[in-house]
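Chains here go by letter, A, B, C and D, matching the order in which they are written, and residues are numbered from 1 within each.
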């Protein structure tokens, strides 16, 4: 098809021509910047795009030599833009014709308690007891079972961890590592970053009391989960928390 | 006629019209299948290889080609239109006097929040012959889920941060299967629930917190499941074992306030009322009265309908759309300061103030 | 590169040496490398499929946890889509056959061709490497926010898909340039075999759609690593936007998989019906009709996703029009059989099988395009059955037809016709037994990607599982006799099917430079009839 | 070109002659550019959509970009496009020194572009205007809550474009080497032509990026 066309002389862009295109482009760059100094509201976008398109044409026709090129190549390049607009058009048709997703900011943080522990990585009676509370409230039992045997209703299918055995803890089983698992999640287990850090520590300590004695937390472990023990108020809730009120209770009744 | 040998039992008018559509589609499919495969088999036998058979060299036939282009096109348009009609019914035909239930999904359970303020998990209680509208969303930091009741032929995704709607009007008392049909992880196939359609009397009792016997399971999921396979939700798990099935309230005692009252109290406790009055007078911020569902004019001249998505945005990110006349008072944003259920309560409250 | 090879040598035995294969620029060798690589991946993907079916034999966990199951269907999907079906016919068959049918010595850019093979290989390696990083459980659709929340190695799999995308793009680029520029004298557009037309349409889709997927997946990967929120609602992003981006590629991708299959069928029918193909022009036009419409129907994957009613309306309407060109092709194949002289060789049998399943797949496709109906069927086993009828039914049957049709050309040997028929029977029956029950599972509302299901669905699932093993057996037999034919098969003549297209006008296997003489085309590809037939 | 000097340069065995090969390679490049357009598409589409969804935030955030630096970069790229065109025409005229000079100048322009980019990025990083979670400029969050999203797009789009620039620069170094060996002339300048097309395309992308990000926001 285009074979015979190939035989024509290659077009050589004259210096004068390229110079004119060059100047043309500079001029329009100045124009678009100048116009942008005034605010036309919704019109800014179409105006700027119009100018950009004009510049684009200059580049494509002369610098890229489309003006002197074969029809195949014209069609090829044109096609890409046609489909770009199809893509934009149909996507916009949906996105602009519906109520948008507007929610921004820190993810929801359901407060289970206001309790904040100083140095929460130390397994005190108090924090363990608190952890047991959270364990119940957050329905950990759904998977891990009431006694933490990993035999909760959903646990059977998901192969939930049995806290009573020592072997096979993927992330290791000192409080910091368990805290990490709670924060990041593991396979089937969702991340519990929605509950406060103190609460996470508490749950970690509680589940560890179920099994054989857990190893001590070292500085290194803490560093791994981004806690600096020397820093003032370490382990307190960094995220904004919700004020407790009755709606919370209604919410938590269900969990 | 009864198609339950192939379609699940149709429990609503929409489901029935869906059945009619699909019977039509089935017929079309079978017909065209025969139209193609029949001749294929016939030709294969009739024109099987013979050493010196005279073959036709006809390379095209315009009329024929037009026919098998035009006829399918027409039929396709009919199919499309019929499909659209059924879909429109599913989407728009919601009667004015309907119950509203707000649904919040999280991996992997359903929470249903009723107008009277109670909430249940994985069990949706509705009265028979009453249109119910579900306003659904998924926990903001959770994943996509999808609400599907085969016997009602309805399905809709629950998208974090977006409110989707669906409605139905069950006509048969019974328990129906609720599936999650948008892949949501390891618990996906365990994320089941029951739509419990009660007789009007039983529903009345249930709303008063009386224990009532649950109706039998109908349609999909009616076959009793061997133990160990029963999909359990945190709160429903205990009672499943006890012999006689009794309805669960969210948590045996009745909620102190209706959803609207909760919203009102919430508005007070969060100091919303300081700026937004519940009487029809502008405060520091726009009044709540008659706000919901109204067309609001914004500072930049555009207008929006004040629906769930708008209200939510105005709470989470007040500066995105500033109401005309309030350009210079900036409300503090409340992103993540309210749970999905609280937001629902507030919206119910605002909705109650629409005039 | 040599301009001629010694008499009596062919592309397999000249030039010699392993190195000459590794760095070869010969499209035939690259095609063969693709061919065997894809077959290997097909085996693996198939094993995953059998694993899934075994797990679903009864409700509840059989021998794997929900997590393992999710990984199984993810790998089955990803491997079959990105590593098997997409390169299967274009990259493997196309690479070998296209230049031959055009009468060219090679594809336009041999180096790029080799590169795209190694990119493909590299992508595949990365994809399998994820297995050692905890596997991937997102499903092949990588829907956000799940793919960004999951703790599995999704990021790596996304990268793999990104790489594979470029392999596919370069193949497409190569083919388009080849078809435009390297046709032999007399090989006019209207004398182009329809397989070339099909590959042409396919390549255009690959060029236009794949880059979009590539970048989209990259964005998801970036989002997963650094937590920027383009698709994450908690950060102001929009998961539905991802679905739009994803399906803008992945719906046309369906046609990347199917169009070449239609091309193969177009080759097979006239040869074995010994009669000119019916409505050549309409056939070629239909291929492009499908390719074009493919780009503006993606929304029908999102009818329940929270997409607006207007969008649903438009997409459903346009989707209907996919059926029209498809119908044209199906009817034209029928018309080609009419008053033909039909020989029942293996390729033709696979054509029958193809018609049978492809028609079912197509018709159920119309059902799914119907707005009202789809609301119930969406994400149920009805969809699973539908796209297996099209993908496996359509593409795989055509692929088997292609193997049996071109086997003598590839290797210069013949396979056992008897064994071919036996394995065909297993595959055909097994396939229908596997997937037909799934339509009824769909009617009954069984959702897809379920590890555990209600007892209501047990019986149909068991049928399906049994069927899947029949298919497995069928392919095992095929592998056996084809493998045997590869080494022990009896010598094949240059043109065993007395076909007219150019690839048969040279020796089998073809020599290095394809043709000993510069071919000149004087007649159409399918001018069978009393004189030539 | 006339088949007279079509054989000046040897051609691969599957082409009829050098001209045939030239035209084919050129079309290959056009096809590559076609896929490039679609490769940038998701970013453009996503940006335009979010721009209108979060109009005010994006407008405000875009005002944080330094339009002066942006304009400087635009000019630099236009100049480089110009010199590339000159390099090609010099090759067509057989003017060796012209080819080298123009290529070197283009290379310098490219480096300049990257330098300006570096300055811009460092400013943004300093102001904590980074994509998504890295975004630390809380002051702006109060006014423009979706600013992080804007800067996500800003960095993705300009970053991807910058990658293309870098790729181009590498090729230019290689071309200069070859030009020094005097390989390019009227008979054979395919690599120049193709790189030229590519470079103009990079310019083209920027022509749209600049107003989208810096001017209208």
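Here, contacts are C-beta pairs under 8 Å (C-beta built on N, C-alpha and C of every residue); 3 or more make two chains touch, one makes a residue touch a chain.
Everything quoted here is computed from the prediction, not taken from an experiment.
Novice: Compared with chain B, which chain's mean CA position is the farthest off?
Specialist: Using the mean of the C-alpha atoms as each chain's centre, the farthest one from chain B is D.
Novice: Using the touch rule from the top, work out which pair, B-C or A-D, shares more C-beta pairs.
Specialist: B-C
Novice: With chain centres defined as C-alpha means, what is the inter-centre distance between chain A and chain D in Å?
Specialist: Comparing mean C-alpha positions, chain D is 29 Å from chain A.
Novice: For chain B and chain C, let me know how many angstrom lie between their CA-based centres, rounded off.
Specialist: The answer is 36 Å.
Novice: Between chain B and chain D, tell me the centre distance in angstrom, where each centre is the average of that chain's C-alpha atoms.
Specialist: Here chain B and chain D have centroids separated by 48 Å.
Novice: What residues in chain A touch two or more of the other chains?
Specialist: As it turns out, chain A has residues touching two or more other chains at 2-3, 72, 79-80, 83, 87, 91, 95, 100-105, 107, 156-158, 187-188, 190.
Novice: Which chain B residues touch at least two other chains?
Specialist: 140-141, 159-162, 185-187, 189-190, 228, 300, 317, 320, 333, 335
Novice: Two or more other chains touching the same residue: where does that happen in chain D?
Specialist: Residue numbers touching two or more other chains: 20, 23, 27, 31, 34-35, 38, 41, 45, 49, 54, 145-146.
Novice: Which residues of chain D touch chain C in the complex?
Specialist: Per the stated touch rule, the residues are 12-15, 20, 23-25, 27-28, 31-32, 34-36, 38-43, 45-46, 49-50, 54, 131-134, 145-146, 148-149, 152-153, 156, 160.
Novice: Flag every residue of chain A that touches chain C in the complex, lowest number first.
Specialist: Residue list for chain A touching chain C: 1-3, 72, 79-80, 83, 86-87, 90-91, 93-95, 97-98, 100-104, 107, 156-159, 184-188, 190-191.
Novice: For a test of understanding, state which residues of chain C touch chain D in their complex under the given definition.
Specialist: Where chain C meets chain D, its residues are 1-3, 99, 104-110, 112, 169, 173-174, 176-177, 180-182, 207-212, 214-216, 219, 222-223, 226-230, 235-237, 241, 245, 513.
Novice: Can you name the residues of chain D that touch chain B in the complex?
Specialist: Going by the criterion above, the answer is residues 54, 56-57, 143, 145.
Novice: Would you tell me which residues of chain B are touching chain C in their complex?
Specialist: The touching residues are 6-8, 17-18, 21-22, 25, 28-29, 32-33, 36-37, 39-40, 43-44, 47-50, 53-61, 64-65, 68-69, 72-73, 76-77, 79-80, 82-87, 89-91, 140-144, 146, 148, 150-151, 153-157, 159-162, 164, 177, 179-190, 220-226, 228-229.
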